[in-house]
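Next, two complexes with subunit A in common: one pairs it with subunit B, the other with subunit C.
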Partner chain A sequence: MFPELNNLLNTTPDRAEQGKLTLLCDAKTDGSFLVHHFLSFYLKANCKVCFVALIQSFSHYNIVGQKLVNIVELRGAVPSTWVTQGVSLTAARECGQLVFLEGLKSSVDVFFRAQAAPHPLQFLREADAGNLQPLYEFVREALKPVGDGQAAWRCPVLLVDDLSVLLSLGLGAVAVLDFVHYCRVAVCWERKGNIVALVHDSGDAEDEENDILLNGLSHQSHLILRAEGLATGFCRDVHGQLRVLWRTPSQPAAQRDRSLTYQYKIQDKSVSFFAKGMSPAVL
Partner chain B sequence: MESVLALGGFVLLRDSVEWEGRSLLKALIKKSALCGEQVHILGCEVSEDEFREGFDSSINSRLIYHDLFRDPLNWSQTGEALPGGPLGALQAMCRRTHPGPVTIALDSLSWLLLHIPCTALCQALGALSRQHAHPGGGSPAEPVRVLGLFHEELHGPGPLGALSSLAQTEVTLSGTMGQASAHILSRRPRQRPAHQTQWFSILPDFSLDLQGGPPLESQPHADPHTAPVDPTAHVTFNLHLSKKEREAKDSLTLPFQFSSEKQQALLRAGPSQATSHIFYEPDAYDDLDQEDPDDDLDV
Partner chain C sequence: MAAVATCGTGAGSTGSIAAAASKNNVTSFQRKGPRASGTDSGCSRLVSIAGTRPSVRNGQLLVSTGLPALDQLLGGGLAVGTVLLIEEDKYNIYSSLVFKYFLAEGIINGHTLLVASAKEDPADILQELPAPLLDDNCKKDFDEDVCNDKTPDSNIKMKIAWRYQLLPKMESGPVSSSRFGHYYDASKRMPQELIEASKWHGFFFPEKLSSTLNIESCSLTHGYRKLLQFIQNVIYEEGFDGSSPQKKQKNILRIGIQSLGSPLWGDDICCTENCDNSHSLTKFLYVLRGLLRTSLSACIITMPTHLIQNKAVIARVTNLSDTVVGLESFIGSERETNPLYKDYHGLIHIRQIPRLNNLIYDVSDVKDLAFKLKRKLFTIERLHLPPDLSDTVSRSSKQDLAESSKLLGPGCGMMAGGKKHLDF
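The block that comes next holds the complex of A and B.
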């Protein structure tokens, strides 16, 4: 996770809010660094995470997660010791904290292996417009509260990377919105957990389905993080700008800042954020 | 804003991602409930707990929440879902027979439009408005008010135009500088549509606080997230002058500034002044005619 992004969002793993839907979107740039941030954020917050990864392989996320080191103080050690630690997805999966659906690998099983129960990605086999009920059942099962005798995790979190690819795979925007609706019921409302989902904004006026998906999710979100490429084009020192919009879908807006804009630069192991025009390279 | 509720009929509340309309919907519901009306809510987008949050118990007792949020498509197969799916739930609202003035809130029309055809929705809205106009038994028509929340960005001009033509009042939310405003378009029968812009804010208990005008230009307050950054802190060149440098700068005369000293110096040009020399090496093709070329001019 990126400590600077935590400062911007005024949150830490210890004080993570619950019952929220966070929408990540990117336009003209790659916003997957936000997915890596939230994955390691919630694993460090001791939450049970169900990660529906449709874009990259497990080892990709694992390697990036281990690279995102944070300098943390080793508590209780005298004298105080500072160590760097990333997050290991392998360890999290083995101890049951992480349930990982690797879309790239398991989609092949839909076609080449007979399944007893409907596969989460069953819609790939269906000729007509399908729905995502099997995937919803998979998520609900994965984030079911565990019985006694096992480690109790803080709150369940569903992370999806990403939802736009489901449109490319033949589903309609309404089917994807229904899936997110049911996940909100099961995860946010019933279990007071969080959902984080990435949607690409193609910016293309022709792609109505993606616009419906993006706007529909925006209306339901409590927090929208939008990574945009710079309007003037590629820059070596400023990779893009991040717009943060806090929403309260059913409460009157509080007096705090509702919207912030920052520019960022992605480095090898972290991302640095700065106010617009204040890049260290420019000053 | 009083005209929104006074007119009755179908009120279309148009909101956007940046200016959400659910709080205004709840504020209007609160006003209706305080007038003693019963309020039926078809909730599709938020849970009942979240919708009732912020209302006190007297208001909550008048609200009847038809929960289409928990299981709208009957995926759980537990029998708890409202029968008939979204369309059935909407038609069930039309068939209520409770007497007395009533307000029906649809949260939201956008969700319904994504799941049932636009024609069916418009027919249901027409039936809702007509229901109390011609009740059975010859009793006088009870005012019925339908409040519909509509997310503008999700739909094209077709559904928006259809719903807009059905609406007696259309409220479009926008705002500036953190202050929300509502553009109200009222259609009364046999009169011109009336436009009005109202600036407002909604208090935590969902009372409406109407403001007179747009917010005044105020000093941008210090952003608590960013410490004021001094851009001159880490530059690689010197932006400040020391005292000695400042004195030297002030005492310098500029080369083209014509002062009296300079004038005297120029007039006094004498042999003591160093004169400048010009060294000229003629090229092969240079014309070294010593005659004055202006001699043949008749001036």
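The block that comes next holds the complex of A and C.
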């Protein structure tokens, strides 16, 4: 996770909110750094995470997660020591904190071999537009509370990277919106957990299905993080602009939504955020 | 399929931090092999596959694309397990050449090839590969090639524009004795014995039309289903995914698919705007990428994107590929006779470079790149606008120059785009 982004969003892993749908959106740039942030954020916050990773492989997230530098105080050590550590996805997966669905690897299994049990990516084998019910069942199964009373994970979190690729795989926007709706009921409302999903904004590419999906999700989400490329083009020191929008979907629009804009630069191990025009390169 | 490992103890917060800190003293420097899933052991052996090298940034295993100039722009080479998508130029002249360079590089390095085409027989494609320039006799020829172009006083230090001397030069000559990227002579053919010594599999779609399938019908077109099945068979049988025992030396599979998406594959995505099975191509790319990520292979695909009428599909295809390079040749366009572009054959656009195992990626600062095909060299250079030196240039041609310069990419700050030529 990026400490500067935590400051901007005014959260820490200890005080993570519950029952929220966060929408990550990128337009003309790559917003995957936000996915890495939220993945390590919720793993640090001791939440049980179900990560539906449809775009990259497990080792990609693992290697980046280990690079993200977090300075934490090693409690219980005298004198108090500060260590830097990333988050290890392998360790999290082994101890049951992380349930990882690797889309690329499983798609090969689903596509070439007929599966006995319904597979979460069953829609890849179907000729006409399917639905995401097997995937929803998988998510619900993964995040259901462990009944033996020992596991003390804080709240379940569903992380999806990303939803736009589901449209490319033959599903309609309505099917994906249904899936998100079902997951919201199961995760956010029943179990007081969070959902974080990434959607690409196609901009002027006139992708109607994607626009329907994006608009539908924007109306349901509590927090929208939108990474955009700079309007002036490529810049080596400022990689893009992040717009943060806090929303309250259930209340009428009388209360004004709060919005902030920052610019960012992605570095090897973290991302630095600064106010518009205040890049360290120009100051 | 993600298996939920049931671990009984959910550790308390402080305990887990201490435990994690002691376990996680993994530094960010890792000598990493490719991301094939089953090959955890023998990591150091993987690095020594012929024709590959680890990336300097994150240890990712790279193969050469056959064009050292393009390798440099892509951050050292093409990562194993990824897809390189070439958006074809209008008459498919230079993109097929880039395709052939990729395959020729595979033959020189001893990689296994898989060539798929719906237009030409793969055996014919392999006959037309360019001949490699091997080190000993190539340097002599290359030097005289270069000397013909360079002006005699080019190695004198610049006196007026001395700041430009400090700009990094693009790689334009063969790196001495590097075994990673090779140069090819486009006018000669690859020697027959090299082709016969290499191992290759061909997929010629018209031949495979009648044979049966064992995948039940999904929304892929017939051609894509067969091709995926063929690729998966080759990967599985030859052990590129680590399934067969490791008694023989590991090798890379180079897959080349020509003109994917064209009507010859049975796909109507280039014909109409609202096609019936518009998800066929994107699904194919997704499953192909899944196959590549779990095996030691790299793939080049050329696609006639200038024929695809639905812009949304192009955006989706770009998102589903790892590296996307677009070629735009000047042949047949009005730029062919434009004095601005007289030194070059076309423009090359690096549309997307993947971020693999990393938050950042190697992006070159130069956004306006042009390529030039000489007999023995395919160079990619920063697009230079020639200086406007002549006094007798008429007003109308100056207008044309100003107009043409507006069409350059947004990263070019060299000439202000404007309609009127300001005459001081």
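We adopt the following convention: the second predicted complex is superposed on the first by the 273 of 283 C-alpha atoms of A that agree within 3 Å, B and C clash if a C-alpha of one lies under 4 Å from a C-alpha of the other, contacts with A are read in each partner's own complex, and residues count from 1 in each chain.
The working rule: a contact is a pair of C-beta atoms (placed from the backbone, for glycine too) under 8 Å apart; a residue touches a chain by one contact, two chains touch by 3 or more.
Being a predicted model, the structure only gives us computed values, none of them experimental.
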Combined model on subunit A: subunit C and subunit B, fit or clash: fit
Touching partner for A:L230 - first (subunit B), second (subunit C), both, neither: neither
Which superposed partner A:H181 touches (first subunit B, second subunit C, both, neither): first
Touching partner for A:A27 - first (subunit B), second (subunit C), both, neither: neither
If touched residues of subunit A are counted for subunit B and for subunit C, the larger one: C
Which of subunit B and subunit C A:L101 touches, first, second, both or neither: second
Lowest C-alpha to C-alpha distance for subunit C against subunit B (Å): 18
Residues of subunit A defined as touching subunit C within the complex: 30, 32-33, 36, 46, 57, 59-60, 63-64, 66-67, 72, 74-76, 83, 85-86, 88, 91, 93-97, 99-109, 111-112, 114, 119-120, 124-128, 141-142, 146, 148, 150-153, 164-165, 167-170, 200, 202, 204-210, 232-234, 236, 266-271
Residues on subunit B engaged by subunit A in the complex (per definition of touch): 17-18, 20, 22-23, 26, 45-47, 49-51, 53-54, 69-73, 75, 110, 114-115, 151, 153-154, 178, 201-204, 206, 223-226, 229, 231, 233-235
Interfacial residue positions of subunit C with respect to subunit A in the complex: 1-2, 4-14, 16-18, 20-21, 23-24, 26, 28, 30, 32, 35, 37, 58, 215-219, 228-229, 232, 279, 282-283, 286-287, 289-291, 293-294, 311-312, 314-316, 319-320, 355-360, 365, 367, 410-411
Subunit B-facing residues of subunit A, complex: 7-8, 10, 131, 133, 136, 174, 177-178, 181-182, 185, 189, 211-212, 215-216, 218-220, 224, 245, 247-253, 257-258, 260, 275, 278, 280, 283
